[in-house]
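I've put the structures underneath this note.
Below are two complexes that have subunit A in common, paired first with subunit B and then with subunit C.
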Partner chain A sequence: MLSETAKQKIQELKARYPNARSAVMPALYVAQAEYGWLPQEAIDAVAAEMGMTSTEVGSVASFYTMYHVKPVGAHVIDFCTDLPCALAGADAAFARLRERLGLDAHQETTADDAITLRHAPCLGGCDKVPTLLLDNQAQYQNMTDEKLDALVAQLRVAHDKS
Partner chain B sequence: MIWEPIILRNKNIPEIADIDVYERNGGFTALKKALKEMTPEQVTDAVKASGLKGRGGAGFPTGLKWSFLPKGVFPRYLAVNADESEPGTFKDREIMEKNPHQFIEGVILSAYAIQCAHAFIYIRGEYPGAANILEQAIAAAKQRGYLGAQILGSAYDLEITVHRGAGAYICGEETAMLESLEGKLGMPRVKPPFPAVVGLYGKPTVINNVETLTNVPPIIDKGADWYKTIGTEKSSGPKVFCVSGHVNRPGNYEAPLGSITLRDLIFGAEYAQGVRGEKNVKGILTAGASAPMLTAQHLDTKLDYEAVAAAGSILGSASIIVLDEDTDIPWATQKMSRFFMHESCGKCTPCREGTYWMFVLMERINTGKGTARDMEMLPIVANQILGRTLCPLGEFATSPVLGTLKWFKHEYEAKVSADGNRETEK
Partner chain C sequence: MPKVTIDGKIIDVPAGTLIVEAAKPVGSHIPVFCYHPKMAPAGMCRMCLVQVGMPKMDPATKQPVVDENGQPVINWMPKLQTGCTTVVSEGMVVHTTTPQVAEARRSILEFLLTSHPLDCPVCDKGGECPLQDHTLHYGPGNTRFYVESKFHNDKAVPLSPLIMLDRERCIQCGRCVRFQDEIAGEPSLGLADRGRGLEVTTFDDPPFNSNFSGNTIDICPVGALTSRDFRFTARVFELNDYPSVCQQCAVGCNVYLGTRDNLIRRVTPRQNEAVNEVWLCDKGRLEHHYAHSPERVTTPMIRAESDLTPVSWYEALNFVANRIRPTLGESGKSMAGLAGDRLANEDLYLFQKLFREILGSNNLDHRFGWSQWNAGDALVKNFGAGVGTNLGELGKGVTALLLGADPQTEQPVLRLRLSKITRQGATLVVANGRATKLAQYASHKTIYRYGAEAYFVLGLVRAMIDAGLHKSDKANGATEYSAALNLTVAECAAKAEVSADTLKTIGETFAASENGIILFGREFMYAMQRDPAVEAALNALLILSGHFGRKNNGVIALYPRSNSMGALDMGMTPTDGGMPASEMLTKAKLLYVMGADPARENPAFKNPGFMIVQDLFMTATAQKADVVFPASAWAERDGTFTNTERRVQYFARALEPLGQARPDWAIIQELAQQLGAKWTYASAGDVMNEIAQRIPTYAKMTHARLQVNARRRASVQTVGGDAAEPVQMALGELIGVVSGAQWATFSETNADAKFDVKFVQPADSAQATAGVYLAVTRALLDCGALAQYSEIIQTRVPDASVEINSHDAEAWEIANGARVRITFESKPPRALELPARVDGSVPPGVVAVANNLDGTMNLPMGAQVQVTQVQVSQAIAD
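The block that comes next holds the complex of A and B.
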């Protein structure tokens, strides 16, 4: 169930555009913030608020990579391994981070559901490499192995507390 | 000569993201001048006369684009392209984060010129920091009467809405961006009709890049004649160059178009300060992954649209990625092929399938499983994409493969074998 606050927020978003359908992307962000990802229930709830079909909303959600249509960990790290970051060794940093998180081949989320680690396309932080995006909310730049370890430790503490 | 930036003014005035500091340094004087002394047509004419060309990649004359709007059809919209997603491009991010008010003033001036009452800024979802700064800048402008109803006591009203994308390179293509803004999948439209006639919500729409619009306040403030003294006859004005890769000092650097060469930008003391570890340059990408690669022999190419085109590439968004002499070129190409495979929206079959096959071939070659036939297949696949897609993504996707095969064929040859069973070095 979407909270009343979320529903109200979606109605406000609809009023910001000449055509209410434009609010579907921000509405999906609102729903994702509540659910942590976008299960069918969340898609249906957004569709009901938007006056769209679930199929329409689901197709938008699955088109864009920042919407999670499959379950993710409590925190999501999108780690850039595109060319400018890769020239600074981002592949090795990514592999090392996967190892640190104990991720098997093809596994993106840690066993305790604390952290999801994904490859990201270029994040536009090419002058401060490697770069990552945390929880769609903040970019972290110049990520040395030490800084990555510190970030992971911080996320784990936050997850264990919750 | 050291150029005093007029776009990245934050380089000289670090606190210019504070609206008071911006105002103290001439901020919003252009807007006051336009609303008090100039008609919308005069603003358009000034931008036309300045010779300003779009800074997003295509390099289309900005004022001319504005004049394509059909007369008397309202509402009309301004959609600002802040979906900066080309690998190696981070100029609009710096403008929005560090000099946001000049950009917003440019949006207001441009919206006034085309008589639009609602402008949209489509910013990529991966830039949450910049999106927040823009929201604050818009609120500050509104509070001071630069935005909203009856701006500065004139009869002109404008609202600006910031719209966050959600991770799709294709939304930087103008018609895909409009689709996305309308709440649909970000897939390109068939052109014509062009957005100037049938754009956002089916209405006449102008789409301009962040850096382009940030040029407008100085043009209105100081005049087209002044602006035309910057840069070359065909490429006027300053340009922000993003430099990344194997350089000592990656970053954004502003210089007049045509005033410096690739060598100046990569090695100059006021620019990227040379290649790391004193190594030589091997490859240079001038417009991120979308530009055919150039080499060390092109270092003396002037940085303007015409000179880079003459060298066999494109200046585009001016995202210069420098690869040193030790870079494995087929490896770098595979990186770019993977990007385009991931970002192809899937609407046009040649692009959807072709980007996949180019990646598979590159992966095979890089893992020692490639044959000479695989190498021959690369340009065959690329040429089946070229000219057969709705938007330029398909064409861009062929650049890494075709560009590197042109200059570095020997590196591919060294990785393939007759039976696809080459021992790879561990």
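The block that comes next holds the complex of A and C.
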């Protein structure tokens, strides 16, 4: 169930657009913040608030990678492995990071649901490679192995505390 | 109109025409996958690439530059253009057959086939598949991709109980998604993910829940969406497609019955731009299973001692004739005939002829149950929508006023067609006592108080007169009417509980519009039955607005069944003091019931003395009969139906009759012959010839004439069959195909006639303020007389529920989904227990129940003539 605050937030978002349906994307972020990802239930709840069908909302959610239609860890690392990053050794860094997180080739999320690691297409930080996006929010650049280790350690601490 | 040159042929086409459409009349076939003539272009598949050039313009003179031969110089666009999204313009030159275009088509097909499973030998689409056909015509003969490198995906994914999806075959054209969104208005299919992972899916529960879902199978240009009903039961090229008319509702959608080995394997829409275009609802597509149900009655039966015993036709007919013969001439008046309005015109005509000419009785009716009332018959006869009216093409200058109807569940394809008219420039007004699906598309929508329909319409009349927009040249008594109409718009609005401004706007819009059409539905017919002022008011609105007697003007009654209109035309109503259905069921001594089941609607019904039942099944009424005649299903004989727009349509015979079943008209003829009549009809066509001679409105309506564009679709195996035709029909590529014929109304054939307008004071409804109004609605998919034999329909029938307004629910402390007990005045007293649906489709003070679902069947409310008051007396939470 979406909280009343979230429902109210979605209604406010709808009022911001000339066509209320345009609010579906920010509304999905509201739901994602609440659930951590977008299970069917969240999609249904957004659809109900938006006055759209679940299918319309689900199509939008599944199109964009920043909406998680599969469960993810508490933190999501989108690691760029496009050409400039790859030339700067991103593939090796990615593999090493995956190993450090104890993930095998088919896993994206650590066993304790703390961290999800995914390949990402270009994040636009090609001058400061390798680069990654944390939780759809912050871009981390020039990610050396040391900086990656420090980031992971920091995320683990944050996750263990919560 | 722009003049364009396509493959060297010059053609004038209306501005705004797309290249793919402009190419059709000149015979240039541009292959498409994602484009569909009924939907907005998408440009997704790139199959329609063509070479396009524009005349070079001189910037100084703004005139085309000409070469030394005086021909315009053409600037060719550097790349190929999509024919489905490019609009033609003056002087445009298009090439569709150049090597460049051929190469583009070959490449697109090679791409589409990289991972196509090529399982055509087991694919339902094989044989009528655009991907197959285009590959044959335009594609590469070979592949450069190895089988091992193919991308595999899910096969046989059930999208819904009706539809199976094969993800490998999907070419991602989005036709299905766009159909559900644009045409059906039920966006329950979507494209999930993107790129290689793009797939058609539904996030809804129940999944892909749409009453039009079957159309996505027809328009799918590959075998991705297949019918779970038809899957693997026949190859399409083995089917014989017989032209028929759907008999599930009064729209009369044109269909093909695809048969093999004397079984209907599938029903697909047959193009008729005036009726169903290329669409069909799921009920029409799936209900045919009753025709070969094992429950069918296949032999005549007579009651020997206490049981019905199978006998020969000779014995059965003799039994009846012997019973009738001694009383011929004297007690004809005690004989009565009740016929269902799903039967063909030929059956109904002979049925009434038997009664009127042989038995000497006028006790004839086709209306029982909720459809038993006068439904504005005179309005239709005088002012029916003019010949040539095409409801799907209504546009600028037309106002359509829909009163008390819910076509979404009662005439689904009509809803689908009316929902697009506002986009075409027409004004759509939807007024009912509750919210309906069609209201979403309306220019003006309003919810009046049930029981105040007369005031609502009078308010429109008053608004029209106040604005001086009324016309009195064809009215008798217009001045007197205007004086007698002692109500102001505000008073009418107050009674109907709508805003006076709304009433004024609608009244003035309708009157001022160049053309006006009024459609009224079942809920309005309730009102007409209860209060004669409703019909009088509608009569005045029509006459004083002058909206009758020509195309796009007049009235359409949305009747309940496929041939309700025909039954009226054939004279299946009591005349000259004959008994109506309500009376004959108790007073007649001999009752002949054909294709009707009064005992189902009213379990208290008793055999009145001697009863003949002619039907497909051992209905509740048949079980009480003395004689049962097995009748052929509609697919087992030919005939005509007259749809709700007065369009007479021919349906062909597609199957051999089951057992000893015979067409209804043939049984009636045999009985008449036993009674001494010299009838010699050799076919239904013979009967129709007589109808054409004896019923003036049906003049010249012979089977031969009605069969134009209603021919059997030749399968590819048939000699002379055109393999390309099925694909074209499925895609709706044929332009302007129309079949059937509308009869002209009295006001059309008598242009100088004047009509009386009389003011009738509305009866002030005694609606108790303490009570709650029970609105009786209909569900589309139900457990009806025929639908119950279709298992696949039964998987989709909704559970009965009662719709309650959210304010009422709060006041009565009823939660959504809680069980509610509804009691209402009836004899004998009955109560109803249903789950509540609090969804805002009904206004406060109204609850709505569909009366054709499990638990709500056979309830007197649907059968009652008067307004049904209910008390929501007790709520029991789950």
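One rule holds in what follows: the second predicted complex is superposed on the first by the 162 of 162 C-alpha atoms of A that agree within 3 Å, B and C clash if a C-alpha of one lies under 4 Å from a C-alpha of the other, contacts with A are read in each partner's own complex, and residues count from 1 in each chain.
By our rule, contacts are C-beta pairs under 8 Å (C-beta built on N, C-alpha and C of every residue); 3 or more make two chains touch, one makes a residue touch a chain.
All values reported here derive from a predicted model rather than from experimental measurement.
Using the contact criterion defined above for the overlaid structures, shared-chain residue A:5 touches neither subunit B nor subunit C, since it reaches no partner. Once the two complexes are overlaid on the shared chain, A:22 sits against subunit B while remaining clear of subunit C.
Contacts of A:125 after superposition: subunit B is touched, whereas subunit C is not reached. Shared-chain residue A:87: touches subunit B; no touch with subunit C.
Within the superposed three-chain model, A:40 lies in touch with subunit C and out of touch with subunit B [touch as defined at top].
Of the two partner chains, neither subunit B nor subunit C is touched by A:107. Using the contact criterion defined above for the overlaid structures, shared-chain residue A:59 touches subunit B and also reaches subunit C. Set against each other, subunit B and subunit C differ in how many residues of subunit A they touch, and the higher count belongs to B.
Comparing the two interfaces of subunit A, the one with subunit B and the one with subunit C have residues 59, 63 in common.
Those residues of subunit B lying in contact with subunit A across their complex are 75, 84-90, 93, 118, 124-129, 161, 163-169, 180-186, 201, 242-246, 250-252, 285, 288-289, 319, 321, 323, 327, 332, 335-336, 339, 342-343, 345.
On the side of subunit C, the complex with subunit A involves touching residues 186-194, 201-205.
Those residues of subunit A that touch subunit C in the complex are listed here as 40, 43-44, 47, 52-59, 62-63. Interface residues of subunit A facing subunit B in the complex, by the touch rule stated above, are 16-19, 21-26, 28-29, 59-60, 63-67, 78, 81-84, 86-87, 120-129, 133, 136-139.
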